[in-house]
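Listed next: structures, encoded as structure tokens.
Here chain A shows up in two complexes: once beside chain B, once beside chain C.
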Partner chain A sequence: MADEVNLTIDGRQITVPKGTLVIEAAKKLGIEIPIFCYHPKMEPVGACRQCLVEIEGFPKPQVSCSTRVADGMVVRTNTPEVKQMWEIVLEFLLINHPLDCPVCDRGGECPLQDNTFRYGPPDSRFEHEKRHFEKPVALSSLVVLDRERCILCFRCVRFQREIADQPDIQVFNRGYGDYIGIFPGRPFDSNFSGNTIELCPVGALLSSVFRFRARPWEMTSTESICPNCGVGCNIRVNARNFRRVVRYLSRDNPEVDGGWLCDRGRFDSTFINDPERLTKPLVRRNGELREATWEEALEAAVDGMKAAGLRAAGIGSANRTNEQNYLFQKFMRLVIGTNNIDYTMEPMAPGGTDALVAGLTSGFFSGSIRDVASSDVIVSFGSDISQELPVLDLWIKKAVRKNGSKLIFAYPLRAELAKYASSFLPYSYGKEAGFAAGLAAAFVGKAPEQAGGLSGDEIESAAKILSEAKIVALLVSRSVIESAPDGMETYRALESLVGTLEARGARVQVMLLVDGANTQGGMDVGLLPGYYPGYRKIDESSCSEIAELWGAEPPPEPGLTGWDVVREARNGGVLALWVMGQDPARDLVRAKEIAEALGKLDFLVVQDYFLTETARMANVVLPSCTFAETKGTFTNTERRVQRINQAIYPMSDSDSDTDIILKAAFTAGAQFEYGRIESIFEEIARVVPQYGGLTFDSIGPFGRQWEVRR
Partner chain B sequence: MKISGEAQRRILDAKTRYPSRSSAILPALHILEEDQGYVTEEGMAEIAGLLDMPMSDVGGVASFYSMFMQRPSGTYRLDVCRTLSCALLGSEHLVDYLSEKLGIKVGETTPDGLFTLRTVECLGDCGKAPVMMAGDTYYEDLTPEKLDAILDDLRRKAEA
Partner chain C sequence: MIAELFKGLAVTMKHIVARKRVTVEYPEVRRKLPPRARWRHVLLRHEDGLERCIGCSLCAGACPAHCILVIAAENREGARYSPGERYAQVYEINELRCIFCGYCQDACPVEAIILRDIIDFSDYSRTAEIYTKDMLLAP
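Up next is the complex of A and B:
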């Protein structure tokens, strides 16, 4: 076949696709060739010369990382000459390397050490003074550079250019004096700078958070999920002595993160072992929060909530696990006896949540992150993805820059992705519905004069791009449906737009963008006042259905939303509130209003890691565990259910949110019995139809998307 | 100091003359050096803006070419070649001679701001070695006596 090439490596035949690099062909045969600069996700440069091999017919050795295969090629990696070349290159690389491995963070997980161990010379013939640089140099508040250790592979420079497109670092000077640097006074200010630390094959680029904290061989590594945003990047949690989390590393999930992490996620590991963490339950006595036993605290919490009768409410969390949120809503419904449950305290559009649920249950929102890579047109509506879901921004940049996909970026502000857009549509805040309707109308040739604060021409230019699309990825922020003023209208307009596109033969994948690590899961498992778990709209039949599944009847009437609770608290409509894992009193937009409402409550229970603003107002504070101290599942923005595993022991007396709820239920005399976290997940899989058939084991290390039928 | 309007125009003109914007960095740096006497950080940042290139790229190119002045320099830069042909004909003695006469080391500038002494690699004029460049002018077959005359000449020019 013309697209395939036969070649021989070390006497072994292999057939690979045309254009394959020699090193990749060798890898397929299990033949290892040492590398430094080569990285399969980046363009080869042949900078380090470590991967030299002999190829018959070439007078000189060739770099296997940038030589492509040819038919009949004969490659040798196992001759004495090749071994000698590898040794010589290493001897050169080590001439200026300080060999300060005992104090180097990378020591023990260092490709330069490993390659030297396997292929390098046992000693050096270099007897002169090594090259010196001022070190370490802070490239930013997060990344520190030791230029003496650098072997100039340029992986970092290439990553920032090819992948992140934030080219803050570059090679400075020339020849012997080469070094990686920043422009004077311009720090390495990238959303993804931490990846360069992980890519660095030596100890040159270092994390200011991790530096000198641990030796690689004394750390445990636990597979988990970054709790920072809705992308749900796969991570490894590195910890010491099962007590202290020292860093997160990437864990390549090709469908989710492609092996990259953003800085916001990567460097946010320090909160876990923060000395300010709550370690003991607190109960307010004589106006002051004082330490108490778990029994006292739980009893006070349950009594206080029960005293409010029907005027109680609960707020779950977008960064707690499915298991925790599921138990929380079950506890609120069955034990406290209220459907006043939500995952947020932000105001919702009338019908906004219903629109969202309609989209999720009808299969309208069935898109995936990987759709971005296979679309010729990407439409992003309502999210500053670079800030809200940073790693998704990398998918979009790659699609636009490498695949030539077109981006229609609709967002009120000129955010970073506007630069990549074929059509940037800065509609006005609050006019989402008008904008969406305008776009849908323009697409069927009825362009309005203006819509959503945009001119007809702007709308029409976007419609024109869409009209030429064959495969469309439409990314819709939860906020434009749920919290913008006319969410339901926006949703209808999008439905009609997608309908028209599909009628014209385009394939459209719509993905809902949610911001929190488990916003999606929270909604799935029932953190909604109008819906029982699994998006069962609260009515008589769903009530009896749930009663059968639970063996106890939940309240039959829809409850108050989080924002209703804020309003009702002010006039006595809600008297007691239980908040798990949120700090609404520090809400970015409405902190004052919410804090004022919380102040009017008779009784407030807060379950959290820290003495937050909300916790300071509470009557009972229950210290809970972070994601690193427990296990469970998160569901990300593409409805992928992913597993987090316990990396360290709980801090002091803090307890996991599931255990807290179970103990609270027990205190209240309820029968909540689960042997293990897995048992809770098993119940979720029984109760939430979307999770039907999933088990902890079948989810696997890279998660499983729940199915939506269209 | 801002780049002068004239220099800005020339940089924008350079931008149109190459298939890739990055190629215009080098001429832009020459224009900057002419305009400000050396490649100032502020000027390089401005070039990055004018060419729509990352600042790190402009800085990287400027640092690659060692003949760009990175610091304020004298009115005349005395660039003495130290590569093979010139070296064989004693260019290092000429450097020592200049250094002593001007009272500065290589890389330094005289207190009156007139001369900066530097050594450079091959100036491509080996047939007339040893060779030195001052500004855009080549001085060939150098001897200490010739250097005396050149310095006097340049001093007179500067006064005029």
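Up next is the complex of A and C:
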């Protein structure tokens, strides 16, 4: 075939696609070539000269990381000359390297160390004073630079330029005098600066959070999922002595994160071992929260909730696992006896949640993150992706800059992605439905004068881009459907827009963007007042269906939403509330109103890591474990169920949320029996049809998407 | 028969009076240990009083008994413990677990830790045998 090329490396034949780099062809054969600057996800640059090989017909050795294969090429990596070249290049790189490996964080996991041991000279012949720089220099509050150790591979510079497109870090000067630096007086201010630390093949770029915390051989590595946003990037949690989490590293899942992490996620590890963590249950006595035993606290919590009877409510969490949320809603429904369950306390549009559920169950929201890479037009509606789902922002930037995809960015503010948009549509807040309807109308040639606070021309230009599209990725924020005042209308307008696009022959993938790490999972397993687990709308038939699955009858009436609970709490309609893993009195936009309403409650139970604003108001506070101390699953924004594993022992007297709920159920005299976390997941797979057939093992290290049928 | 008795006692008396004594009256008297005796660890200082230890954890990595714990921190302005960036904030050796192999001394890149001929460190509790940095540091 014309697209394939035959070549010989070290006497072995291989056929690879045209345009492959020599080093990649060698990798396929299992031949190792030492590298520093080359990285498979970035453009080759050939800066470090470490990967030199002999190629027949070339007068001089060639860098295998930037030479593309040709038909009949004969490459040699195993001759004494090549080995000598590798040794010479290493000796050269080590001339100015300070060799302070004992105090360097990289020592032990350092490519320069590894390559030197393997291919390098036994000792240095350099007798003069090494190059000196001031060290270490803080580039930002997160990244520290040690220029003496730098071998100038430019991986950091290239990452910031090619992938993050925030070229804050640069090479200064030329030749012997060149060094890596930032613009004077301006910190290294990027959402993705942490990736440069992981990319650095020496200890030149270091994390100020991790610096000196542990040596590589002292840490255990646990596969987990970042709990910070809906993307659900795969991480490795590094811990010391199974007690202290010291850092997160990326774990390449090509379908989700592509091997990158944002700074918000990467540097978030410190909260786990914070000395402020709650270590003992607290019970309010004589107006003050005092330490209590677990038995006392659970008894007080269950009694207080039961005293409220039907006027009790529960709020689950978007950063707790599926298992925890599932048990929580089961506990609220069966033991406390209420359907007043929600995953948030923010105001919802009437019918917003129904629209969302309709979209999820009908298969309207069936898109995936990888669709962004394969589409020619990306429409982002209602989310500042760079801030809310940062790693998805990298996917969009890559699609726009590398694949030439067009971006239609609809968001009320000029956010970062607006700069990449072929059409930026700053509609007005609260007019999402008008905007969506306008766009749908413009597309069929009936452009309105004005829609959603935008002029007809603006809408029309976007419609024109859409009309030329063959594959469209439509990213819709949960907020424009669920919390905007006219969610159902927005959903209908989007449906008609997608309908017309598809009628024209375009392929449209619609993905729902949720903000929390497990907002999606929380909804799936039943953290909704109007739905039983698996989006079963609460009515007689679904009630008996669930009763059969659970062996006990759940309450038959739909409950109050989180925001209804706030309103009802003010006038005594809700007397007791159980909040698991949230701080609504501080984190939400309407926090003040919520705090005021919470103050009026008779009884409040809070399950959390810290004594939050909400916990300060509580009658009972139960210390719970972070994601690093438990096992479970998260479901991300593309409905991918991913596993988290336990990295450290629970801190002090805190307990995992599943165990807390199980103990509370036991205290209340209910029969909840689960041997292991896996058995809870097995039950979820039985009860939630979307999770049918999934098991802990079948999810695998990279997760499995639950299927939606269209 | 009586003669035999005296004969035996004479031997005893001879040993009491004339022979060199083997028992050393420890602790009043101390035997000189061989020059390479490896007993309790000492963390050395530089001549200017700074600690030699840089908190690199290589001793803990080399230790076959896993009896060393090092937690490092950064030297700051006004709180400098060692030359360079890094120092050992916590340095603990569980002497009960130590097998006195001397690998830590071998691994140390700055010759900070050394096994000296200090043999009298028995105590009444196990926790007392966990030597912390201030107990190990040379004065």
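Heads up, the rule we're going with is that the second predicted complex is superposed on the first by the 709 of 710 C-alpha atoms of A that agree within 3 Å, B and C clash if a C-alpha of one lies under 4 Å from a C-alpha of the other, contacts with A are read in each partner's own complex, and residues count from 1 in each chain.
Rule of thumb we're sticking to: a residue touches a chain if its C-beta (ideal position, glycine included) is under 8 Å from a C-beta of that chain, and two chains touch if they have at least 3 such contacts.
Computed from a prediction, not measured in an experiment: that's the story for all the values here.
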Joint occupancy of chain A by chain B and chain C, clash or fit: fit
Which of chain B and chain C A:100 touches, first, second, both or neither: second
Touching partner for A:539 - first (chain B), second (chain C), both, neither: neither
Touched partner set for A:211, first chain B, second chain C, both or neither: second
Contacts of A:167 with chain B and chain C, given as first, second, both or neither: first
Which superposed partner A:81 touches (first chain B, second chain C, both, neither): neither
Partner chain(s) touched by A:186 [first = chain B, second = chain C, both, neither]: first
Inter-centroid angle chain B-chain A-chain C after superposition on A [Cα, multiple of 10°]: 80
Nearest Cα pair across chain B and chain C, whole Å: 28
Touching residues on chain A, where the partner in the complex is chain B: 167-174, 181-186
Chain A-touching residues of chain B, taken from the complex the two chains share: 41, 44-45, 48, 54-60, 63-66
Residues of chain A that touch chain C when the two form their complex: 100, 102-103, 107, 135-136, 211-215, 217-218
Touching residues (chain side chain C, partner chain A) in the complex: 54-58, 60-61, 72-74, 84-86, 109-110
